[in-house]
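In what comes next, chain A is part of two complexes: it sits with chain B in the first one and with chain C in the second one.
Moving on, here comes the complex of A and B:
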């Protein structure tokens, strides 16, 4: 009986010592993380997301790529191209806000549901809206920027004008003038002279978008989504914002022209076919300005 | 408290503590390797799918980004996963028919409890699946029994997103029926709990083996779903062969399987889903004979059977409930033992079913179409993606016996199982689970001599792994 008691006590002591060691080591880190997490919330419409509620979902679905620390260094990161987003920088490609600013919570909310084409990030539209809102808050808790900065003011997107042949031709001219072809190629096949030299902000090689490859763009498939990309840029990549160089009308023209490059049937493509629109010649002089009416 | 019990409690405590200390988990290897996602992304706890995994499957093993086509893979990528489970188990049945004098076949039969235990192996599964091209997917699963004898558990190709719509997908081959509560991804592994009783139950004397919705079947399946998989429908036309090749059991008999379900967003609780399924089929009971022996492939005089029920997947945070109901009904002919004169697995007269020779077989006046109701509820507590606690209770109740002379509760079955799985290293390269489970089964009036209840139990602990 005494021996049994001795064994039992020994076992409990081992458990106790190991517990205390583990608990004390993790205490500080856990406290700090909990503090950050407590404060991290997101607001999407009437939904409020709380980071602490997304801890398990992040661990289950996201951590393999984005990493425990949100630094984009998950176990799969070395094999992924493009690399997973580093949330600690709070720098996001798909925004409705001007370049250099933080995105709206809704931007992140939509990105999670839409996924990012041309990457391994799938559409996570199986989540409930609440789960997504919680995950947005969780993503935000990785960077102190969210505590010191406010998101930018979303850009205004004027309603789309009617698609016409003139607008498509004008869009092609914008494509030439802004030198989009240098990266995206004269036919939009991602084979421009600069295509092989592009790197992102972390000096990692990056490829331009091939308009002939798919029907979806990285940040959404609607005309408004494409418009937004010119005007906000894709932060962290060589794709700049043209908000200062392009008027809204010109941006719409460019949207219509880019539609003609995509593989699926569209009104724009049909007009381009009727026009017999040829790829641009980067060396050709710009067409003379049309006389004022 | 006795000494051994005290020891047990102590070691259990230590084990739980060590579980807590282990590094965090990192999934299904072939697909996980392709996409770089952890297995926890698609599996609530592998092999059981979560909602995202179900959507991935419904999309034809595609994430629906531009990386689905195999051209994106490293040429050395080989989409193969093997799975096997070495384990220790203890099996006990309380009333086994034995000779009262061992070695003397003429001695009176008596019932005896038989218990055995030891180390063992499951069969080996070789899963290979994925995409042949964007929107053309496949799955082939050569599977062995524990002795290494192989068969094709699954072999199918699927055309996905026809006409650019997620509502049009066609699958041809041998495949798992569109069961939301999947027996092929079951989390319980003992000989008792390794299949759903509800998916295979038959009343006493019933010889219809073709209505087993847990078995993979040969046929053609249409499946459609909304973009986010909230709404799902499917319809399959199957050969009535219980998934066996060579049309051994009968010609010209088909079965239909239909499902529909709808998921609902329940905020913090997660996504809830409710649906129904129905299987309607015919199987032959008459076979031509040669020398009195039934000839494979000559089955005629088909009789009908049906299985229908509701399915619910309910999530309450870390706790979830899978619920399946079934109402089954077979022709009175099956209830009299007709319908399985040819073993569909090998095309030989099985001896377990009667052959209805045209003009000579009749139904007794006491014969009725057997029917029954089944209900299962499986509960999971997902402590975290690495530890899951499981319980399942199943109740099968005969509502109408095949013969008026049989006791109304004869054959009723209760099954209970509980256990846990711990995944110490859940990565996107391999899966490993320490599986522990206890199961118990009772069949009313099932004992071979006394006609009393027959009970059996199973205890197992093993390493379930795949790579």
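Moving on, here comes the complex of A and C:
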């Protein structure tokens, strides 16, 4: 009897040892998927974020949409539009860096706090700054791009000049000349000739911004934030970067003009009213032919 | 004594240069010794290429009013020749051949609301120039495979804007290019290592390579890829014809 018991307990322990080995093996696989976890850090001013410290916050608050693997395929994703960001591609709309480059850590840090208007991404301003910094590092650990590339050099935003009637008129001319109206419409109502054909990088239909019903912009609502959008472009969307072809002064003029299209009261809107500013005329004589290259 | 020393150094330097030139000349000759030529054909009835409606851009619509631009997915001649097929060496290149980057800077022009050329074959890290010849704005929006070696970017190029210079860092056959303002504008950039070319309006092509055994790949945007393995000897052109079947 005793020998039987001994045999059974021996067998049981062998089974236990084997199953433990299997479990730890599985953990090893999961760990390999997250091979950049240990080294993934973020630097926000004096704060340093560590990915491993954000594990629980990510699993509790982010995983439902962005998914365990950070691929934007969380269980809520099928019902969302716009879709949650796929962090494994390391491509972000709201950046201070040129088109095609990685964002700064601060850009991701600010996006988490601000949320993304017109999407279901809320402002996560209940997190401490340390929690956010840790989450930025966690977001970064999903893509190998952060191991091999550096973020682009942030674009410089000179301080804003004074708003004047001349600047608003000049801004409207920039709006016409750069053909912003082709997508955003002559009055900024998202009804330009190309508006209904736009698609994003996954070939999903996407609408241009309607300045008349939007008070808040996706990448922040300050004048500097708007300036940044047309100098960096919104990667993954049809919105291109104008950085190569717009001078800082012209960019500020455009910011002031765009403010006149928005619904809320503003200094710019008041000046436009006094000027009796009419929407641009797309049928005005076409600009002179391009110079020979 | 001092001047003699100087003369000796100068002579030595000149000799060095001369040998350098000879050596580089030799290596170029070696690379050009072999040749792969061929013709690309399309079997079956070529698909109908629809004319493009450019009415959303009055300037371009007017420009092509008498002869509307057609889609360019399949550009076939009456004799069954197939144009715009990318030819490249997918296997067999030595390290040096694969890493050499041509110094020519091809142009990617936006003209009459079309990409000219419709397909561009490039080497990894080879520079190309993006030009807007139209009196209208374009945005040039390459969309490499997500998660691949190249990354998407999107730049506006208003009328009169200067050309800009770009290159791709990884192999990719092929990167689709589009203009969001003019959704009919669509083209491709095939980025490979080593010699590459496109079939011309007679469907023919030539690839200059060093003698060796290679896999030649032909890529067509609608019909995909075909490959052929062949051995190239010095001074003897090898033929590699490809036939794609119309869908």
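One rule holds for everything that comes next: the second predicted complex is superposed on the first by the 259 of 293 C-alpha atoms of A that agree within 3 Å, B and C clash if a C-alpha of one lies under 4 Å from a C-alpha of the other, contacts with A are read in each partner's own complex, and residues count from 1 in each chain.
The working rule: contacts are C-beta pairs under 8 Å (C-beta built on N, C-alpha and C of every residue); 3 or more make two chains touch, one makes a residue touch a chain.
Every value quoted in this text rests on a predicted model; they were computed, and no experiment measured them.
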Touched partner set for A:177, first chain B, second chain C, both or neither: second
First (chain B), second (chain C), both or neither touched by A:130: first
Chain B versus chain C as contact partner of A:193, first or second or both or neither: second
Partner chain(s) touched by A:97 [first = chain B, second = chain C, both, neither]: neither
First (chain B), second (chain C), both or neither touched by A:262: neither
Partner chain in contact with A:110 - chain B first, chain C second, else both or neither: neither
Which superposed partner A:236 touches (first chain B, second chain C, both, neither): second
Common interface positions of chain A, toward chain B and toward chain C: none
Chain A residues within the chain C interface of the complex: 86, 88-89, 91, 99-101, 145, 177-179, 182-183, 193-194, 197-199, 201-202, 233, 235-245, 286-291, 293
Chain B residues touching chain A - in the complex, by the definition given at the top: 3, 6-7, 10-11, 13-14, 17, 20-21, 24-26, 35-38, 40-41, 51-52, 55, 63-67, 227-229, 265-271, 318, 384-385, 427-428
Interface residues, chain C side, partner chain A - complex: 56, 58-59, 131-137, 139-141, 143, 146-147, 151-161, 163-164, 180-183
Residue ranges of chain A in contact with chain B within the complex: 4, 7-8, 11-12, 14-15, 18-19, 22, 53, 56, 59-61, 63-65, 68, 75-76, 79-80, 115-131, 213-214
